[in-house]
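Look for chain A in each of the two complexes below; its partner is chain B in the first and chain C in the second.
Right, the complex of A and B next:
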C-alpha cells in the first residue's frame, strides 16, 4: 500500500524526543556515574516489570504517531494513485477492523445486541420494539445463544496463540543471552528460569508473556466482538482507549520537553549567578506560581479555540487542528509546571556554586559557561531525571482532569479525559452505561501505576542519599 | 569485687551481608577498670567506633555481632533482652558523640531534652526533674543554668552543645561514659574546656570513661591507659605514660614520628606507606606487614598473636622484643636545608588593609542593616619561597581571608599586590590570566573534586583555562608527569575521584593546582580531614615542592603542630583581625598576645612528662556581625585593662618581624 506521509507537529516532537532519549542513552552509557544507577534500575524486579508494560504502551503510542493519507481503493483513470483526504496512523491501519466496525449506538461489552430498543419492521409488516442484533459484534453467529461457547472458543485460541508467541519470544531472548554470555542454551535457560541472573530476566519473561497473552486474547475476541462495548455513536470503546494512549503519552512527555529548557536554564542561572538575576527569576516564578494553573490553561485554550474558529481555513483537516490544540496544551502545561523543577535546581546550584571544585575552577579562571556546563549541569542531572519521571504520571492524570472540564484536548481527539467526560452523561443514564469509564480507568490506571512504580525505582537508584544503604 | 567495669572479649563485628562481609571488628579484647579513662586510639576506619557501638548494641542495620562477649559488671550485655538493654543505655552506660550540632533536637529546649533523659531513669516529680536538670547543667560548667535550660540548641555554641550532650549522658548517673571523638569537631580552646570538664567529672563521680579518639594529644592529656587499634584489632595496650615514652608496636612508633612539630622542622616526616588493608578479607599474616619497615618473613606467614609484655599491657607483633629503641630512629634529613630562607628577595604578595564584609539584608526591600566583618583590616606579606601560616579558630575569618586574597570573594576594601599588580583593581579578563600564578588547595578532599569527572580531566581543566600546553599529547604528558610528581600511578588519570582514599585525593588536588605552574598557593587546612600518617605524606609533599619550585604558601590552619613544622612566619587571627604576627620562633616560643598564649597552651601536649598549665578561655568567640567594642578579645581576656574596652589597640612592633596588637605590650627597643 503506497501512501503519503503526513508529519504532524506532535509527531515531529515525539521523534525529536525519542532521538534525544537515545542520544542521552548513548551519552549515559559512557559515563560511569550515569550507567551505575541505570544498572540498578534494570536489576530491580519492579523496574524491569514496569519497563515491559511501559514498552507496550510506548509501542502503541509510537505506531500511532506515524500518520499518512492512505491510498484510495482504486487508482484513477490515468493510473495515478489518489490519496484520500483522511489522515490515519499506522496503528489505525493495523487495527482497521476495529475502526471500521461501527454500530448504531451503545452496546455492552461482548454483546450481540444493541443496548437500546428499536422499532424494527418484521417481514409481515408489523413493528416490534426489541434489542436489534449488532451489525458487527457477534454477527457471525447464526444464533446469539452460542455466544458464550464462541467466546470461550475464541479466548482459548487467543490465549494459545499468545502462549505460543511468548514461548518463541522467550527462546529468542535466551538464545541472545546465551550468545552474549558465551554459554550454552541449556545453562543459560536454567539460570534464567531459576532467577539466577543479575538482571531479573525471569520477571521480564513473565510480564512479557502476560502482556502477549492479553494482547492476543483481546485481538482474537476483538475481531468478532466489541470487547469493551461501543459508545453513543457506535464506535468501539476498546479502539478509543487504545487511541488515547498516544494522547496520554504526548501530554506526559512533550510537556517535559517544553518545560526542561526553561527550568534548567533559569534554575541554574538563578542559583549560580545570584544577585539581580536570581531576584528577577524568583519574582517571575513566584508570580507565575501564584496564578492558579487551571485559570491560565483555560484562558490560553479558550483563546486558541477562538483563533481556530476564526481562521478555520488555515487547517487542512480536523486531525491537524486537534493536533495543534494538543501541542498548545502541552506548551501551556509546560509553562505552568516548570517552576517546581526550577526551584529545586536553583537550590541545588546555589549549594554547588560554593562547593570546593567550583571554587577551584574559579581559581583557574574557567569561564562561567564552562563551569555551568562542566560542573553544575552534570551534578543536577539526576534531579532533572527524577522530576521528569515523577511528573509523567501527574501530567497524564492532569490531561484527564482538564479534558473533563472541557479545556483539555480537542473533543474530536481520543483521550481518556474525553472518555471520562462523556461518561458523565452515560453514568446518569438508566440503565447505566459503565464501560467507557471502566475502559478509560483500566488503561489509565495500568499506565500510571507502572509509571509510578518505575519512577520510584528510578528515584531510589539516583538518590545519592540512599547510595550508602546498598 | 573486681576492679573491671566493662569487659569485652573476643568481639567480632561484621558489616554488610554474608555475601560481602566487612570484618570491622575482628577479635577485640578490652577491659575498662572502674574510675579510669581508657582511650581507644586509631585512624579512621580501624573499627574503634564499631567496638563502642557493639558494646552499646547500637550497630547500624547492616552490622551484626558475630562472636564475643561483653560484660558490664556482671551483666552480659549481649544476652540482655532489648527492653533491659534500653535501661542499661543511658543508665549505666552513657554515650556522647562527635557531632554536637546534629545530636540535639533543634525544636525542643535543652532543659526538656535533658529532662527527658532524667525522667527515663528516675521517675521524680516535675520540680525534682527540673532541679536535677539545673544541677546537671551546672555540673558541666554552663553558666546561668536556669536561663539556659529554657533555650534552644541554636542559641548555644558548639562547645556549649557538647556540654549539654555530656549533661544528657550524665543524667542516668552512668558508671561508664563512652565518648566517641567528643572534641574532634571543636576548636582547640573549646577542646581544652571539654577535656578538662571530662576529667573533672570523672574524678568527682568516679565513673569510667571509654574515650575513642584519633588524636594522640587528647590521649596524653586525659587517658590513664590506651589501646591502639589497627584494621579491626587491638595491636597495643599500655599505660599512657609508658606508651608515650616507649611505644612498642612498629605502627605506634611510626605514628609518633609522623607527627609534625617544631623539633623535626628540617626533617622529612616519617610516612606510613600505603593504606589500611581492606577488611573484607581473612588475614593469615600480620595486618600491618605491607606498611611496616621492620617486616620479616614470619610476618607474612602467620598472624601475630597477642603477647603480654607486662601486667595489663601487651602488643600484637612478632618482633616486639627485637625492635630497636625509639631514640635510635631519627628522621631522614631533608635533602636541602631551607632553600627559601636564603633568598630573602622582595615580597611576592603584599596584602594591605584587606576587608571582606558581607552585608546583612533584612526585610522585603532587602535593606542592608549591618555587615558581617569576616575579615577586617588584614595586612601581611609573603616572600618568594616562604610559608606564612594563618592560624585561628573556626569562624575567625581565615578561610575568607584566603579566598579574598585570591579574589574568589571580591574584597570590600584594601589592596592585594601580587608581583606588582593590584589584584583588587585588575579587570576580570586580566585577572583571569593571572590566575595561573595563584592556586588554592581545599580542606575537604571529597568536595574539592567533581565526582562526575575523571581525574585526568580534573587536572586538565586548569591547563585548558589557562591555555597551557598546545597539543593534546603535550597536555597528557604533563598530566602523567604531575601524577608521578605527587606519587600516584599514571593510570590514575582514567579513574574517578571516588576510587581514591583521602590522602590520595588531596595529592590529586595538589597536582591539579600545580598543573598551571603557580607561584603561590593558598592551602586551606589541607590536612585537617586526614589521618596523622596520611597528613605526613601531604606535608612532606608540600615541603618538597616548596624546595624544588620556590613556591610560596599561605597555610591556613588551626593545627599548631603543622604550623611549627612547616611555616616560616605565623599570623594569629581573632575575629577578622590579626592579633599577633611574626616568625615561627617568635610567635610559638614567646607569644605575647594573651589570645596567642591561651591558644598555644590549649593545644594538648604529646609529651605527658612536660607539665603545662592551660590558660582557660571562658566563653566563645563573639559573632563577627557584632564584635565587642574596643579590643575584640577583651571579654575573654584575663589580663584586660580599662583602655581595652574603649579602643582597638594598634600593632606594637617588638622586632623587625614581630608585631602584636595589645595595649599591655610595651614596644621594646630594637
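Right, the complex of A and C next:
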C-alpha cells in the first residue's frame, strides 16, 4: 500500500512518550531499587492480568496514531500516485469495513432493520410505512428471520477462531518459557497450568485468551452486523468506541508528559534550594492551585476557540485542528494538575537534602546540578511513577466530563465523552437509544478499572508505606 | 490566635493578586477584546463599527493598562484592567456580557447550589464513614476484600453514568420524582432528592476507600494496641480511639471544601436543571459570556483560599500538637 505519512502533533508526542517509557524501562532494569518493585508488580496476579488488558488498549491506540494520506484508487495520467486529502490511521485501514458501512440513521445492535420507520414505494406504486432493511447490517441474509441462527453461527466461528489463536499463543509462550528455563516443554506446561510459576503465567494466558476470544468474536460479527448499533448519522458505534480509545489514552498519558518536566524541575528546586526559590515556586503553585481546575480549563479552551475561529486559515484540515485542540487540552490539564506532584517532590527533596550522602557530596564541593542529577532525582523517581500511574484513570474520566461541558476535545473527534454527550438526547427517545451510552461506558469502564487496579499494584510495590489499601 | 488568623489572611493577598493578574492575562491579553467581539457577533461580515459598539457597551473600549488620554489618576483607573479586574477585589462583578448584574445573579443562585451540595456532603460523610468503619471492623476478611473490590469498581464508573442511569431508572421507569427542574421552598425537595442520592452514591467508591485507609493506618498504631491490651472490647477501641483520631484528617479534608460548596456542582446542576452557580457557569461557558466566567474564576479562588485558611485554623483547634507559628 502506497501512502503519504502524516505526523500529527499528538502522534509525535505519543512516540516520544513510548521512547521515554522504553528508556526508563532499560534504566530501571539496571537499578536494583527500581527492578525489585517491578518484580513485585509482575508477580501479582492482578498486576499481570490488568497489564494484558491495558496492552490491548495500548495497541489499538498506537495503531490509531500512525496517520497517513491514503493513495487514491487510480494514478493520474502521468502515472503519478495521487494522495487523497483525507487523513486516516493505520487502524482505520485495518477496520476499513466498519468505517465504510454507513447506514442512514440509528439502528439497534445486531439489527437488520433501521430504528425509524420510512415510507417506501412498492413495485405496484403504493407506498407503505415500515422499518426498512439496513444497507449493510445483516444484508447478506435473504430473510431477516434467519438472523438469530446466523448470529449463533458467526459467534461459533469467531469464538473457535479466538480459541485456536489463543491455544497457539499459549503454546508459543510456553515454548519460549521452556527455552528460557532450559526445561522440557511438558514440565514447563505443567508448571504454568498448575500456577506453580513465579510470574503468574496462567493468569496471563487466561486473560489473553479471553481478550483474543472477544476480539475474534466481535470481529466475526462486526463483519456482517453493527454489533453495537449505529448512531444518528448511521456511523457504526463499535467503530466510534474503538477510535475513542486513542483519545482516552492520549489525554491520560500526554497530560502527564506535559506536566512532568515542570513538576520535577520546580519541585526539586524548591525542596533542594529552599530560600527565595522555594517561596517563589510555592507562590506559583498555590496561585495556580487556587483557581478551580474546571474554570481554568474552561477559560483556556474558550480562548483557544476564539483563536481558532479567528485564525481558521492556519489549519489545513479538520483532523489537524481537532488534534491541536486535543494537545492544547492536554497542556492545560497538565497545568492544572502538576501542582500536586510538585508539592510531593518538594517535600521529598527537602528530606533528601539533609541525608548524609547529600551533605557529604556538598562538602566535597560537588555542584548542585550533579547532586540533583545523581542523588536527588533517582531517589524521587518512584514518586513520579506512582503519580503518573495513579493520575491516568482520573484523567480518562475527566475527559468525559469536560466533553460534556463542551470544553473537552473537539466535537468532531471520536471520544467517549462526546458519545455520552450525544446519548443525553438519545435517552429521551422512544424507544430509547441506549447503545451509544452503553458502548462508551463499557469501553471506558474496562480501561479505567484495569488502570485503577494496575495503579494500586504499582503503588503498593513502590511505596510500602502506603500499602495498606489492599 | 487572632494574630495568627490575620497573618494568614495577609499571606493570601499576594495569591489573590496573582489569580487576578492571571485571569486578566488569559482573558484580555491572549485574545484582544476585538477578538471577543468578533466571536460574539458572529464571524462573517462584522463591521468595525459593530465591534466598536459592542466594546463600548461592555466597557472593553478602554485601553488595557494605561490610558494616555485621561488625566491624573484616571490614567490608571480608566482602563480595562482597573475596571474589570481590580474591581473584583471589592466583589463588584459588574454586568455580564448580556447585560445582567452578575453580583445579583450570584446571590440568587448560590442557595439552590447549597441546597444540593450540603445534603450530599453530610449524608455522604455519614455513609462513607460508617461503611469504612464497618470494613475496618471486619478487616482482613472476605467482607473487607469484596468491599474494596466494590469501591474500586464504583470508582471506575464515570459520574455521568450514575446521573444518566439514575435519571432513567428512578424518574423515567419508576416515575418516583421528576427528571429535572426546580421549585422554591419545600416544593424543591422532590427535585433535590434524586441528585442528592446520586451525588452520595457517586462518592462512595473513592470516599470509603480513602477513609478505610485512614482507619487502618490508625488501627496499626501503638496506642490502639495498648487499648486492646487493657482489655477494651473491639467496638470500644474502634469508636472511642480509632474513630476519634482518624476524624482529624477527615475533618480537615472536609473543611477545605466547605467554602467551595457555594460554587455548586457543574455537572449535577446542569443535568437536573437546578438554577445554581454550577449551571450558571456552564451556561456562561456555552454562551461564551466572558464576564461571568471571569467572575466565577475569581470567586472560586477566593473561596478556595478561604478554605485553606479555615483548614489551618481547624488543625490548630482539633489537634493540640499543631502550634501556631
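For this structure, a couple of remarks:
In the analysis below, the second predicted complex is superposed on the first by the 464 of 470 C-alpha atoms of A that agree within 3 Å, B and C clash if a C-alpha of one lies under 4 Å from a C-alpha of the other, contacts with A are read in each partner's own complex, and residues count from 1 in each chain.
Here is the rule we go by: contacts are C-beta pairs under 8 Å (C-beta built on N, C-alpha and C of every residue); 3 or more make two chains touch, one makes a residue touch a chain.
Keep in mind it's a predicted model, so treat the numbers as computed, not measured.
Once the two complexes are laid over each other on the shared chain, residue contacts for A:361 go to chain B alone; chain C is not touched. Contact with neither chain B nor chain C is seen for A:182 once the two complexes are overlaid on the shared chain. When chain A is checked against chain B and against chain C, the one touching more of its residues turns out to be C. By the document's definition of touching, neither partner reaches A:129: not chain B, not chain C. Comparing which residues of chain A touch chain B with which touch chain C, the overlap comprises 469. Of all residues in chain A, those touching chain B in their complex are 31-33, 355-357, 359-367, 370, 374-375, 378-379, 469. The touching residues of chain B, counted against chain A in their complex, run 62, 403, 406, 408, 431-433, 435-436, 438-440, 442-444, 447-453, 458, 461-462, 464-466, 496, 509, 512-513, 516. Touching chain C in their complex are the following residues of chain A: 283-284, 286-292, 294-296, 298-300, 302-303, 305-307, 309-310, 393, 397, 400-401, 404-407, 420, 423-424, 427, 432, 437, 441, 444-445, 448-449, 452-453, 456, 466, 468-470.
Remark: chain C residues 14-15, 18-19, 22-23, 26-27, 30-31, 35-36, 38-39, 43, 148, 152-153, 155-161, 164, 167-168, 172, 209, 212-213, 216-217, 220, 260, 263, 266-267, 270, 281-282, 285-286, 288, 290, 293-294, 296-297, 300-301, 304-305, 308 touch chain A in the complex.
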